[in-house]
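Here is the structure we will look at, set down as structure tokens.
Chain IDs A, B and C follow the sequence of writing; residue 1 opens each chain.
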Amino acid sequence: MTMPTWVQPVATQMLHGLGATAEVAAVSIAASVVLGLALGMLATLGDKMLRLVIGAYIELWRGLPVIVTLFFIFFALPAIELTLPPIVAAEMAIVLWGSANLAVLVRGAIESIPRGQFEAAAAIGFSWPKRMVHIILPQALRRLLPPALGIVVILIQLTTISSLIGVHDFLGVARLSIERLTLTTGDTHAVPILGTVLIVYFAISNTLNALSRWLERRLQVQ
Amino acid sequence: MRSRASEQIPASLRPLVEVRGVKKRFGSNEVLKGIDMTIAGGEVVVIVGPSGSGKSTLLRCLNRLEGIDGGEILFEGRSVSDYREHDLRQRIGMVFQQFNLFPHLSALDNLTIAPRKIHRTARAVCEARAHELLARVGLAAKAGSYPSQLSGGQQQRVAIARALMMEPRVMLFDEATSALDPELIGEVLAVMRQLADDGMTMAVVTHEMQFAREVGNRVVFMDGGQIVEQGRPDAVLLNPVEPRTRQFLKRISQ
Amino acid sequence: MGEAGYVFMPQVIWLHLPQLAQGLLRTLGASALGIVAAALIGLVFGAARAYRVPVASQVAAAYVALFRGTPILVQIFFLYDALPELGIRLDVAEVAVLALALWGGSYNTENFRAAFGAVPGGALQAAAALGMPAHLRFAWIALPIAFRLVLPALGNTSISVLKDSAYLSVIAFAELTYVATNIVATEFRVFEMFAVLAVTYLGMVLLLSWGLSRITAHLAARGTVGDA
């Protein structure tokens, strides 16, 4: 079976695009996790002001459509004389959403742990950071992991918004290829190209979801 | 024992319900090992026995909530499998241990929904009859209440009224008072007793031995999927013949 | 530009109010249609999954896996750019509603599936014991109870659909975000427009969340499932 001539160059480009997507995903996920964990833990501290501020942060970045956040960052940065590459703007938008949602999860998981655990840990002499790290978080993690993985899957899907501000990610390259092909050959080939994008994301999401379910089962047994 | 309407009516030529050699298994577990039993019109049959003896399963086979693996069950002279499922169940009423009221409907609507939707009876007609039945079970004032607003005893009485709305020929009671707080059991047993006095044919699975003695026409003792002993209540409950019956009665009286 | 600082000029908002209002109307219109369609899709497919209706259940499973497992942006572009290749030509508004309906419907399918599964088996047994045939049990017992159970999840998915309507700006559907970003592109008034978008979207989300909690509280007080 011979491939039509347009396939090879497009495929190569899209592979590069996939690499860019992976980069955006990795950075966004890492930053969201770190920030989300920090905010979630701080939200359980009991300081009213802190809780309010973090609560506002969460409501804001969860309540807004991510694309609105993205456009704001993209257009706002130049306005205050700050220029960052588009890829960073995209990552910032994704991280704001991701950290807000993860903060909710972390806060909920920590608050679901019985008071007694906190008191016992304090009674033994653990300072707050040590309490968190050695006693609370290990227990919270078990409740956290499956839904957190769900957020991660969405974060991977969110990387597509970077294509809207010129990043050459998987979707961006796909759309550029379609444009180019339409101009040069007259056929859009949108179905196979966008279809491939769908299939790849489909594979990634369902693999991670299967992993999440497996993890849930493993965690229940303990 | 008080005289009952049924003792003045001559026994019909055929029992209302006949159970012949009924067998039932769940997987590899044989729950009913050949049951032979009859229920005559107007009779109140009380079925007792340890848990796992198959009492509830037997009841649920009568209205085809469970299928059987051997033998046959006759209702009004016809095999229950010859009836259309929902036709059979409209003639046989059932009251569950967990009440099973419809949580999204008021007490009144719980009673009227079946006749309205199945028989397309007019709402006004149904509601009139429903109010009557609710009054009969002592809950006239609760017609507009929702199940979550009623006590267990009240819910069960509504459940009995609901079953009566369909004008069944037989009423099946599956441990109707077992899920109730002790102080609420009496009100439900009173309703059941009244039903019996009015001539209803009843099959009652219960642990309430006093009820069995005072209201039952016949007591059936089941154990391990078989009928061990049956007869008049005084006979079975006060002078049991079988050692297993004796053991069971001794255990529950402690 | 080129000034030392940024001066907040709300006049820009008043100037473009008619446009923005029209954009908001489109947002609400497309979202409303999408939400209703998504609810219906979820109901049908959710019931099919819960009751293991042959063929329909498997189709529903594949549909859910596809639309929850892929980015909504790709779905939108596929519907807009790829469907014409397959002979289906839809205009922007149709793609807009379809995209929202398909995305929301996949989440609602899972919501309804869980809800139908949570209908107390005892109530269905009692209905059967009263002689109600299967289709009446579904219509008058399972469905009403499932609907009360699904409301919180249904509400949340619907709010998400409303937020997703912002994505439709990428296919030039003139909803609120599209209008606002165009104004930014021509007048460079980012913070004012962002303020409008923030207030509007957050306002709608908060309003809907509040309405949802009122409805669920009302049903719970009336003694529906969850208390029984």
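By our rule, a residue touches a chain if its C-beta (ideal position, glycine included) is under 8 Å from a C-beta of that chain, and two chains touch if they have at least 3 such contacts.
Just so you know, these numbers come straight off a predicted model, no measurement behind them.
J.: Select the category (line, ring, star, complete, other) that matches the graph of chains linked by touching.
T.: Shape = line; chains linked end to end, path left open.
J.: Would you identify the chain whose C-alpha centroid lies closest to the centroid of all protein C-alpha atoms displayed?
T.: Centre-most chain by C-alpha means: C.
J.: With chain centres taken as the means of their Cα atoms, state the distance from chain B to chain C in Å.
T.: Whole-Å distance between the two chain centres: 48.
J.: When the centre of a chain is set as the mean of its C-alpha atoms, what distance in Å lies between chain A and chain C?
T.: Going by mean C-alpha positions, chain A sits 21 Å from chain C.
J.: For chain A and chain B, let me know how many angstrom lie between their CA-based centres, rounded off.
T.: Taking the mean C-alpha position of each chain, the two centres sit 58 Å apart.
J.: Within the complex, which stretch of chain A touches chain C?
T.: It comes out as residues 59-60, 63-65, 67-68, 71-72, 75-76, 79-80, 153, 157-161, 163-164, 171, 175, 178, 188-191, 194-195, 197-198, 201-202, 205-206, 209.
J.: Can you tell me which positions in chain C touch chain B when the two form their complex?
T.: 120, 122-123, 125-133, 136, 139-141, 144-145, 148, 222-225, 227-228
J.: Give every residue of chain B touching chain C within the complex, in rising order.
T.: Within the complex, chain B contacts chain C at residues 63, 65, 85-90, 92-94, 96, 98-104, 113-114, 117-118, 145-149, 159, 162-163, 166.
J.: Would you pull the chain C residues touching chain A in the complex into a rising list?
T.: It comes out as residues 1, 6, 65-66, 68-75, 77-78, 81-82, 84-86, 163-167, 169-170, 177, 181, 184-185, 188, 190-191, 194, 197-198, 201-202, 205-206.
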